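What follows is a set of structures for review.
One chain, chain A, appears in both complexes that follow, with chain B as partner in the first and chain C in the second.
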Partner chain A sequence: MSNQNQQAVARYQNNFLKEVEDRVEDGDWVKMCMQCGVCAGSCPLGDAWEHTPQKIFMMIRAGKREEVLKSDAMWMCTSCYNCIVRCPRKLPITHIMHGLANYAHRMNLAPQRQPTRVIAKIFWDNLVKTGRVNELKFSLAMYFKDGFSQGIKNAMAMQSAGLGLMKAKRLNPFEIFGGHKCKDSSGIKKMIAKAREIEDRKKGYTPL
Partner chain B sequence: MTDSIATSQTILVVGGGISGMTAALEAAECGKQVMLIERNATLGGRTSLLYRYFPKMCHPTCGLEINLRRLKGNRNVRVMTMTQVVSVIGSRGDYTVTLKVAPRYVNDHCTGCGDCAKAVEAEIDNPYEYGLAKTKAAYLPHAMAYPQRYVIDASIINTPDGEKALAACKVGAVDLAMQEETIVVKVGTVVWATGWKPYDAAKIQPYGYDRYANVITSLEFERLADPKGPTGGKLLRPSDGREAKNIAFIQCAGSRDENHLRHCSRICCMASLKQTQYVREAYGDAGKSTVYYIDLRTIDRLEDFYVKVQKDTTVSFVKSKVAKIVEDKDANPVLHGVDTEGYHRYATAHDLVVLAVGMEPEANGIKLPDDMLLDSSGFIEGSRDEGMFGAGAATSPLDVNRSVQSATAAALRAIKVVYKTATVEG
Partner chain C sequence: MADNKFAAYICSGCGIGDKLDVGTLEKIAKKEGKIQDVKTHPFLCSAEGVQLINDDIEKEGVTHVCIAACSRRAKTEAFHFPTAVMSRANLREGVLWVIAEGEAHDEVRQEMADDYVRMACAELKKMKLPDGNPNHGGNKRILVVGGGMSGMTSALEAAEAGYEVVIVEKQAQLGGWGAKLWKRVPFKAPYADPQNTGVAELVSLVSSHPRITVYLGSHLAETAGAPGRFNIKIAQESGAVSEEAVGAIVQATGFTSYDIAKLPELGGGKANVTDQAGLEALAQSANGAAIKRADGKEIKSVVFLQCAGQRDETGAHLPYCSGHCCATSIKQAMYFKDNNPDINTVVMYQDLRVPGMGEDFYRSAQNKGVTFTKGRATGVESTGATCTVNFRDLILDEDTSVSADLVVLATGQVPSAGVDLEAWNPVVMAADNGSEDAKQKKAEMQKISILNLNYRQGPDMPQFKYGFADSHFICFPYETRRTGIYAAGPVRRPMDMLQATEDATGAALKAIQAVENASLGRAAHPRSGDLSFPTARLEGCTQCKRCTVECPFGAIDEDERRFPKFNEERCRRCGTCMGACPVRVISFENYSVDTVGAQIKSVDMPDEFSEKPRILILACENDAYPALDMAGLSRTVYSAFVRIIPVRCLGSVNTIWITDALNAGYDGVMMMGCKKGDDYQCHFVKGSELAHYRMSKIGDTLSQLGLEPERVVTHEVAITDNARVAQYINDYVAQINEIGMSPMKGFV
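Moving on, here comes the complex of A and B:
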C-alpha cells in the first residue's frame, strides 16, 4: 500500500491538484471553488473539523498533499448535504470529501484509529466475505475494536439492547457460525474484484 | 380605439428610465420621430429612486433634470406613461405594436397642487418607496416626477374617497370615468429599455430577509439615506426605529450563485462602497460599515473610489460570503461564516444588514416578442430580424454611466433601421 503511495508521489511530483482531479471521486470539481466560505460556514459540524472543505480545497491547490491526506477532517463529514445545497458553484462537496477519505485510505495515509475509517473497514470486510452484512459479527467487531477487555465491557453495556433485538427476531445468535449468505458468494467476489480492476485502470493505479 | 398615429419611420422606445430617456432623446435630437412609453406613472425609473450616484456622489436629480429639460424642449418625442406593450407583430422596418394605456384618472389639466391628496383619506403602499412607506391613494409619484401630474389609485375608484378627490380639484383634472385604452401604432424599430429589477432577496433563505426586520436590500437602504425618503434621510432600523450605526453590507446577495442568478451583477460592489459613505455622512467617525465580500469588482477607473474607501477608518472588509444570519434577542442580525483570510469562524452582530441584491432583467416578467434573443440570464441581446434592440440594464447589468452609453448605441442602431426604411420608401 505505501508502495502505491510512493508511486503516486513519483507520478504527480508536486502537482497534487492534478492527482486529485485524476484519482479522487469528483476531484475535477476542486478547481471550481471560488473560496467564498459558504460551505465552511454552513457545515453543522464546522468547528469540529481540523480543516473546513473550503480550506481543504485551497490546501489541495497549494499542494499540501500530506497535510490533506493525513487529516481526519474529511472523515468527519456526516453527509448532511448542506454544503452542496448552498454552494454557489454547485460543487458536490460531500462527494469530494468522501472521495478524498477513500483516496487517503488507499494511499494508506489516513489516520489509523480514525473511528469512521475503522467502522468503514469493518463494514467492508464483513460485507465482501459473503455478500451480506452479518450484523452479529459486525456488532461484535465494533465492540472489540479497542481490545478484548473493552469489548467485554461494551458487550455488557449493550446486553439489554442485544436481548431485545433477539426477542424481536432482529438478531440471530446462530449467525456466529458463518451466517446467511447470498447465493453466489464467489460471483460477488469476482464482481468486486472486477470493479476494483476497472477503477484502478481508470485512475491509473499500478496493479497491486 | 384603433387608429394609427405613427408611420414606420417612428422609433418606439419601451421604458422611460435613464436608458429609455437617453435612447429617445438621442434619436429625437437627430430629427427622428420617437414614441417613449413607460409602464409607471412617471419617467425616471429606478435611478430616480437612488440617493446618490457613484463614483462622484452626485444626486440623480441633476442628470434627470437635464434629461427632462431636453425632453420638454424637443418636439419629436411623444411621451406616454402608464402604457405597456401588449404585442408586437411584423418585421424590421414595419412593426405593428399594440399598446395598453392604464387610466390615471387625472387628465392634463392637473397643476400638481395636491388638493386631491389632501382630500383623500385612503392610503396605499408607496410604489416608489419599495414598501417602506405609505402614500395617499391620490399621489404625485415623487418630487422629480414627469409628467408632474397626480395619479389616483384604482382602488379608490367608485368609493367616497374618489368623489372627495373629484370635489377637491379646482381645475377639473380628476376624471373618474377614465377607461383603459388600447392603441395600435406602426413603428419602424423598437428599442427595449425595460431595465432591471432587484433579485427577490427572500429567496436567499439563510439570510432571512423575509424573517428579520433588520435585514434590508441595498435599494431600500437608498431610500433610507434619501432626505426625501420615508425616514427623512436618517438611517433608522425598521424593527425599532433606532439609528443604525453598525451596518453590514453583504455582497453577491443572489449574484454569482448557481442557485440564484448565475451572472455577476457588476454594480453591487460599487453600490455598497458608495453606501458606506452614506454611513460616514450620517455619523462621521461614529459610524461603522463592514463589507462582506467574495472579491470586490470595481472596474477600471472606479477602482480609485475603492482605494479611497479602503482608507476610510470607519469601513472594514471581511473576505467571506456570509453563510447565514440569525437574530439575537435585541433584533440585531448576527452574521455567521468563516473568513477566507485565515479561515477564522465569526459570529458578528450588527445593527442593520444591507443585502447588495443582484440585478435581474425586468423583462423576466414582461412578455417580449418571440423574435427577441436573450442570454442565459434573460438579458436582451437583440432580435433575429435585427430590427429591435435592447438598451441599458435590459441588456446587461450596467451602472447609470454605462446604461447611457448603451442607450446611445441603441439609438444609433435604431436610426440606421429607420434611415433604411426611409430610403426604401423614397
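Moving on, here comes the complex of A and C:
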C-alpha cells in the first residue's frame, strides 16, 4: 500500500463516501444516485464490467473502499455518455467513472496490467516530456509494453504499415532522437507541475 | 295539471336533412307516434329553434316534448325544459355519424332513424314529469366525525362555505395524529425541508369559528335518518347525551399505527427500537435540540426500516403500502441531519415511494447526506446500548449488517373504520335467533362502531379492501354506499397529510352537494339534481325482498307489514330495485318498465326473410352510451341493424325487457355496462354485477322460447371504449347472421 493510500485511509476512517466527495472529480454527485439501474442497463459494455456504475455507487456508500478502487469497472468506460444522457438524476456518471479511475491510479490501487491504465500512462508520460505527443515513440512504447520479444514481433507485424506511412511522409524515423517539441518545453512542464500542485492542495493530497 | 299535450320537433340541421327523409320522420311521429304537433326546424338548437319549443310549452300548453336531433347527451343546455317531459331521438350520433355513407345504405339508415323516432314517441307517451321527493328534510348542517387534520379541514372548508358544522372528536382535544408530529413533510416548493405542522393554527381556527360546534371526548351513540334529516345522539365523557340534527356526514376517523409489538423479528418491543410515532415523540421532547433516546443517550446513528409489517406477502402483516411512510422517514432523517450533519442516518428501503412532489424531498435528503440503502432487513438485535440491523443488500446481493443507536420502524396505517359489516351480519342473525354468545359479541362489536347507524344494513358504512372505509375508489373517491355519508382521509385509503387535506376538502364539497340536493327533494350524486324517485305499487308486491336486499345503497327498509319502504333521500335513482322486481311494481315517473318496454315494442320488425336482423342494445348511460356517442363523433361505422336504448344502470334492466324483445322477434339482445368486480367502475357499485348475475340465469327463459343462448350477451365497457363498442356491435351482428334470424318473428 502506498504512503498516499495509507494517509487517505487514516484520514477518512471508513467514510469512503466522504473521501470520494472530497477527492474524486464530481464525487459529490455519488450520494444523489437513486439506484434505479438505468446506467447499468444503458452501458453498451455493461456485461464486461466487474461492477456497473449503479453497483459502484452503492459500494461507495457501503464503504467498500478497496473493492471499488481495485475494480476494473471505471477503466472499461468508453465515454459513450449513454448513462449521462439517461440518468434521471442527472449524475455525470461518465465523469465520475473517470474521476474514480484517476483516484484509484493516484492511490496506486488500480489494477496494474489493466490495458486502459497502461495506455493512459504511456500517453501521459510521452506527452509531458516535450508538450507534444511523439507518435513514433508512443507506438514503440505500445509495441514493447509486454516485453522485448513481443515488441519485436509487434513491430515486424506492423512493418508494411510503417513503411507506407514513411513513404507518405506521415512518419519520420528521426523522431526517435528527441523529436519535435513545442516552443517552451520547460514552460509546459512548469504549468503541469503547477496544476498538480493546485489539485493536490484542493483535494488534500500529500505532494508526490 | 291540465291535459297532456304532445309535440315532436325534428331537426334537419347537421346534415340530418341531407341524409334522411325528414318528411317520412314527420309522418311516423304523427301517425305511428300519435304526436299531435310535429314540426321540423333546420337548426333546432339555435336560439330561434329553442324559442319555438318554449313558445309551444308556454302558449300552446305542450307538456311532452320529443326532440329528434342529436344525442340526449348533446346540447343539453339548449334543450332544457324543466316544466315539460322530454324524450330524445338520437339521429345524429346514433344514425348519421355511425352508419356507412353511400346510397347502398340509404334504406337501412332511414329505417334506423324511423325506429328511433318511433321509440322516442313511445317512450314519451309513458313518461311523467317528476315532482321531486316530497318527504325530504331540509337540514343543511354538516357533521364531521373526527377532529384530526382531515376532520378539521373538512369542517373549516364547509364552515367557510357558509354551512354550520358539528365536529365530534373522541379525544379530549382536537389535532389527531397531526398534533403528535414535530414537523410535517413540506406541502410547497422547494420541498426541501420539514415544515411546521400548522395543526395548532388549524385547531384555533376551528375552535373559534362561529359556525363550528365542537364536541370533545365524545362519540356517536346513534345516527338515524337520511340525508337532509339525520338525527344524531352524541355521548360525552361526562355521560351526558346531546342531540343534534344534521343533513350530511363526513367520516374522517383516520387510522391507528400498526402495532410494532407484532414485529418482534424487526426488534418490535426491544430497547431503542421504535416506530415513526415514537420518534415524533422523541423529537417533540427534544424541541429542536439534539434528539435523545428514551435512556437519555444522544443519538449518533439511526436506521429507518421501511415497509415494516407492510407490503407483506405472507399474510401475517399488512398487505398494502401506506404511501406516506417513505416521505415520513426522509423527514425524520432530516430532523437529525439538520441538527448535526455528522449523525449517520440510513433509510433502508426496498422500493422508495414518494408520491406527489416527494421526489424533490427525497433529493433534498440525499443532498443533506442521508444514506439510502436498498435492502431487506432480516433481523434487528438490541443490546440495550446499541442495535444491529442485519439485512440483505439488494444491489450488492450480500448479507451484511449495520449498527445504530436507534432503529425506527416505518409501520403502516390501519384504518379506524368501525364495524366490518361482513362480520357483523352473521352475528346479528345469530343473536336474533337467540344465541347468547352472539348477543355478547354483538355488544362488543357495537363498541367499536363509529357511526352507530340504526340502518338495517348495520352500524357503519361497508368496508372496502383491507378494512378501509367504503369508497367508489376509481371514479368518485369520497362516495360511499351510504348516501350523504362521505369518507375522507386515511380512513378510506392510506395517505399523507397533504392528500388528507385535499380529500377532506373534496368530502366537504360532496356533503354540501348532498344537503343542497336533499333540501330540494333531488337525488344525490351521481344523478345529482334528478327529481324522479322510485315508487312501488304495493298492491302488486309479493314481499319477495329482492329490492331491499339488492339496493346497493341500503335505501329500502321494510315497513311493519313487510312491504318495501323507500328512504328516498338515501336513494341514488339507479333503478336497481326496478330491475330486481319480479312483479314489476317499482317505477320512476320518467323511467319505468313501461318507458323502456314501449320503446322495445315500438320498433318496426322486418320479417324472417328480409335479411335485416334487429338487435336490441341496452346501454348504460354512464359509460357505454357516451362511448357509443363518441364512436359517432369519431365516425366509427357500425351496423344499422342495432337499436340502442340507454338505461340508468345495467342494474335497472328488468328481465321482462329481454323476454319482451325476444318475443317481439329481435334476433339478439346485447347489454353494455360498466366494469364489475373488485375494481368496479359501475356508478352504482353493484348494478353491473347484478345485471351480469341476472343474465347468467336467463338461459332457462331462452330455452323455453327455443332460442340459442347467444341471443343474449353482456359486455363490460368503459367510457373510452368508442372503438371497441363498434367492434362488439359488428361482431355480434356477424354472429347473429351466422346463427340465423329469430324464429319468433311475426307472432306478436
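Just so it is clear, the second predicted complex is superposed on the first by the 207 of 208 C-alpha atoms of A that agree within 3 Å, B and C clash if a C-alpha of one lies under 4 Å from a C-alpha of the other, contacts with A are read in each partner's own complex, and residues count from 1 in each chain.
What we mean here is this: a residue touches a chain if its C-beta (ideal position, glycine included) is under 8 Å from a C-beta of that chain, and two chains touch if they have at least 3 such contacts.
Predicted model only: the values in this text are computed from it and were never measured.
Undergrad: With chain A superposed, do chain B and chain C clash or fit?
TA: clash
Undergrad: Between chain B (first) and chain C (second), which, if any, makes contact with A:R11: first, second, both or neither?
TA: Neither partner.
Undergrad: Examine A:R89 and indicate which partner it touches, taking first as chain B and second as chain C; both and neither are also allowed.
TA: A:R89 contacts both chain B and chain C.
Undergrad: For A:K189, is the partner it touches chain B (first), chain C (second), both, or none of the two (neither)?
TA: In the superposition, A:K189 touches no partner, neither chain B nor chain C.
Undergrad: Which partner does A:K55 reach: the first (chain B), the second (chain C), both, or neither?
TA: both
Undergrad: Is A:R132 touching the first partner chain B, the second partner chain C, both, or neither of them?
TA: Touch status of A:R132: no partner.
Undergrad: After lining up the shared chain so the two structures overlap, which partner does A:K203 touch, if you call chain B first and chain C second: first, second, both or neither?
TA: After superposition on chain A, A:K203 lies in contact with neither partner.
Undergrad: Name the contact category of A:M34: first (chain B only), second (chain C only), both, or neither.
TA: Both partners, chain B and chain C.
Undergrad: Per the overlay, which chain contacts more chain A residues, chain B or chain C?
TA: Between chain B and chain C, B touches the greater number of residues in chain A.
Undergrad: Looking at chain B, which part out of 38-46, 92-100 or 110-118 clashes with chain C after superposition?
TA: Stretch clashing with the third chain: 110-118.
Undergrad: I'd like to check the shared interface: which positions of chain A are touched by both chain B and chain C across the two complexes?
TA: Shared contact residues on chain A: 34-35, 54-55, 89.
Undergrad: Where on chain B is chain A touching in the complex?
TA: 206, 252, 256-260, 294, 320-324, 336-340, 343, 345
Undergrad: Looking at the complex, which residues from chain A come into contact with chain B?
TA: Of all residues in chain A, those touching chain B are 34-38, 40-42, 46-47, 51-52, 54-55, 85-90.
Undergrad: If we count contacts the way the header does, which residues on chain C are in touch with chain A in the complex?
TA: 352, 362-363, 366-367, 369, 371-374, 393, 395-396, 400
Undergrad: Under the definition above, what is the set of chain A residues touching chain C in their complex?
TA: 17, 31-32, 34-35, 54-55, 58-59, 61-62, 64, 89
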